[in-house]
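Structure record follows, encoded as structure tokens.
Note that the chains are named A, B and C in the order they appear, and that numbering of residues resets to 1 at the start of each chain.
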Amino acid sequence: MSKKKRWLSGPYVLWMVIFTVVPLGVVAYFALTDNITGAFTLQKRANVGSYLPIFLRSVGLSLVSAVICLLIGYPVAYCIARTKPSTQRLLYLLVMLPMCMSFLLRTLAWVALLEDTGILNTFLGKLGIGPLPLIRNYAAVILGMAYNYLPYMIMPLYSVIVKIDHRLVEAAQDLGCNSVQVFSRVILPLSLPGIVSGVTMVFVPAVSTFYISQKLGSTGTILIGDVVESQFKGAYNPNLGAALSLVLMALVFVCVGLMNRFTDDDGEEIVTI
Amino acid sequence: MRRANRIFTAAVFVFLYVPMFVLILSSFNAGRDLAVFEGFTLIQYAELFRDEDLLRLLLNSAIVAVLSSLIATALGTMAAIGIHNMRGKLRSLVMTMTNIPMTNPDIVTGVSLALLFTFIGGLLKTRNVMGFVTLLIAHVTFNLPYVILSVLPKLRQMDSDLEEAALDLGCTPVQAFFKVVIHEIMPGIISGGLMAFTMSLDDFVISYFVYGPRFVTLPVEIYTFTKKPLHPKVYALFTVMFLAILLVMVLMNVLQARDDRRRKAGRSH
Amino acid sequence: MPHELIRLTNLTQVFDGETVLDSINLYINNQEFLTLLGPSGCGKTTTLRIIGGFQTPTSGDVLFDGKRINDLPPHKRKINTVFQKYALFPHLDVYDNIAFGLRIAKLRETEVDERVTEMLGVVSLKGFENRKVNSLSGGQQQRVAIARALVNRPKVLLLDEPLGALDLRLRKDMQNELKRIRQAMGITFVYVTHDQEEALSMSDTVVVMDNGRIQQIGTPEDIYNEPKNAFVADFIGESNILDGIMHEDYVVEFCGRKFQCLDKGFGPKEPVDVVLRPEDVDIVPLGQGQLSGTVTDITFKGVHYDIIVDLKGFKWLIQTTDHSPVGSQVGISLEPDAIHVMHKSEYSGQFGDYSSYSAEFDELADNVEEDADE
């Protein structure tokens, strides 16, 4: 270990201070000042409270989609981890690939699938059913979130499950566990770190999304991301936008902090390609 | 039980890929509506390669992705070596800073950088502060943690005696890095750089807040496209990119398989 | 002609407030085979790393040929190291690993080739030039590591537990190999190990360390026959350590009896530690020895028996070729030269009735340390 080498981090630390830490300070500054006079104010921010229902809706929808991702993702990750290594690599790649493709266009494809005159309803129409209201509702928004962020769930789950030593399973069987007990007493506790990081990786982008809800939802499903976006790109009020961002950030950090209490992970590992 | 799980897994893959096949299929559709297939055509591809604006956007995205991932890889690798030599409070402080852009929602990162740039623009008395530079800075910022978090484990796995052995045999610290250490951590550098590149190429949320009208990237433009009906040549572009990324991934897969085999051969003795 | 090559004066190393080396004074002659011996955490590896230049001492000096080299970086020292787990460069083959240092020194490629080829002969690895290093066996990797260091013709070779990863037989072979190589090359070896047998059989000089301090420096015979304190007596070989009182020169009392011994120079009535090596104690028919006791345990060890004898509650370990059944009463006879008297030290009374240092336990302790490092 060399103390001199620490200085190699210098440029990086400087960069991160200027472009990560300082900007958060700027957000806080904007959040606490008036958009016209520039004076410090808390009064103008009192209306942040009126966005509570939208916050709650965002958290609710993204939690539901995170749980759905977990329920769908776990068996898939488990299945991939139990195939032979060459198949594992191929399947892992197939999970990764959608993440590299434009998520805007993929979400748009769901619009085409779910619309009243879309592919599914056309198909159902030929069977004499429908048209069903598949879009512009909560379910469609949850579907969009779950679809978009499912790979973020499968990847960390897979990398944890694949590392579980199969001898542990055999040891559990040897000690009298049936297959359900093997799962609940050995495999599930050991995959907890993957569950935590998967849920976090789905929840964070989902709670702050502003595109999925615009395309698949309606005016009744506006999320907090939409409100923030409109403060910067539509009704220009960066101070309110900054205040809402600050609340959003605090919310995410509290949730991530709570999740991380389940594991003693040092957070220095990530899923790599 | 296992069989049921396999069927379920297959179904999930169908779920993941159906929307993409809809888009790919649409690129060959003679009609404009995604929902109705009106006949096979390649005309969208011809249109795509004639559309200089669209190709320009793609080039812009590629420029930002290449530059930002290269800068992030160099800066991040250096930083990882520095962090690897830290202990205790200093290390956790720097790691916390690294985790901020990873944990923070993209929209908050985008908004905070936008406000910083506006603020600096105000100080410099320029109205159009947003442009190529701000976009590049933003991309480097969110790419850096990916590089660091994929190089750090490689440094940790490396036998630290290797570097000392190089010094012992007469290398200066710089020589020791380029002759020995870099070979050991190269897989981490490559995968971090590639991850940064793909993240950067596809980034929309952060770019959306810090781009300027003089320099627009493809995802940002697609967002503004999608507010009006989308031209089918965009689906052709999607298909081309799908194939390109598939190719890159298969290549990486082959390389990794070779690396694994080599490693296994090393261990078996 | 032996002359002093390396001198360490008042060397102290502190890590995070913990003193790892406490005022080490030591000189090493050229062509000497010197071994730093001690349990894990005793400071032997730290001492080696300071000589190699991988660590800067908190205080004290390192002199090389009379010049202070505290701040000289490793690549400027005429010292090379054989690392514990070899540290061969996995991206280079055997030849390129050995040629590494010569190429860094920018030697002409013809000379590089000459010296590498010569070195491959010395370590009996001709024909392995183009093999990948991780396709070699442990012993072969060890030879490459030695060749890679020696090809640079260092004045001193540092070896950090170089045989630790090898199995017992290979270790014995490599011990002989190392002795042979050193005689052929005629350079100074500084060797670190926790294996006392290895230290005794290979070295000219053994330095026993514990707790960051040197406990004793001497030839292998000195260290074994005249341990300076209970720690050295216990760490080197097996021993029975008893409380005694020195009455006058050549007379010591223990187990309620006075014995003739060969030690002198203690204060009147000074409390002392008495060391009895298990192989120096004789079992004789009851009534014939100075002491008597009951056999409580006997274990066949091949060359001899390990016999535990209970003497009024104290258990002695005795090694003898004669069988004595459990429960039998036996006499115990001690010759004056079987008795070693030592001053009391911080280690007195730590080692129970009889004791033998367990290498296995030491390795366990090593693992715990590595885990804590993660």
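Throughout what follows, a residue touches a chain if its C-beta (ideal position, glycine included) is under 8 Å from a C-beta of that chain, and two chains touch if they have at least 3 such contacts.
All values reported here derive from a predicted model rather than from experimental measurement.
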Checklist entry - If you average the C-alpha positions per chain, which one ends up nearest the average over all of them? => result B
Checklist entry - If you average the Cα atoms per chain, which one ends up farthest from subunit A? => result C
Next on the checklist: With centres defined as the mean C-alpha position, give me the subunit B-subunit C separation in Å.
Outcome noted: 54
Checklist entry - From the C-alpha centre of subunit A to that of subunit B, how far is it in Å? => result 17
Next on the checklist: Averaging over Cα atoms per chain, report the distance between subunit A and subunit C in Å.
Outcome noted: 58
Next on the checklist: Give me the residue numbers in subunit B that touch at least two other chains, ranges are fine.
Outcome noted: 173
Checklist entry - Residues of subunit A that touch two or more other chains: which are they? => result none
Checklist outcome for this item: Note: in the complex, subunit B contacts subunit A through residues 1-2, 5-6, 8-9, 12-13, 15-20, 22-23, 26, 34-36, 75-76, 78-79, 81-87, 90, 94-95, 97-109, 111-116, 118-119, 137-138, 140-141, 144, 146, 148-150, 152-153, 173, 188, 191-192, 194-195, 198, 201-202, 204-205, 208-209, 218-219, 222-223, 226, 230, 234-235, 238, 241-242, 245-246, 249-250, 252-253, 256-257, 260
Next on the checklist: So in the complex, the part of subunit A that touches subunit B is made up of which residues?
Outcome noted: 1-3, 5-13, 15-17, 19-24, 26-27, 30, 72, 75-76, 78-80, 82, 85-86, 89-90, 93-113, 115, 117-119, 122, 147, 150-151, 179, 200, 204-205, 207-208, 210-211, 215, 225, 228-229, 232-233, 238, 241-242, 245, 248-249, 252-253, 256, 266-270, 272-273
Next on the checklist: Applying the document's contact rule, which stretches of subunit B touch subunit C when the two form their complex?
Outcome noted: 159, 161-162, 164-173, 175, 179-180, 183-184, 265-267, 269
Checklist outcome for this item: As the complex stands, subunit C meets subunit B at residues 52-54, 73-75, 79-81, 83-85, 87-91, 100-101, 104-105, 132, 134-137, 148-149, 152
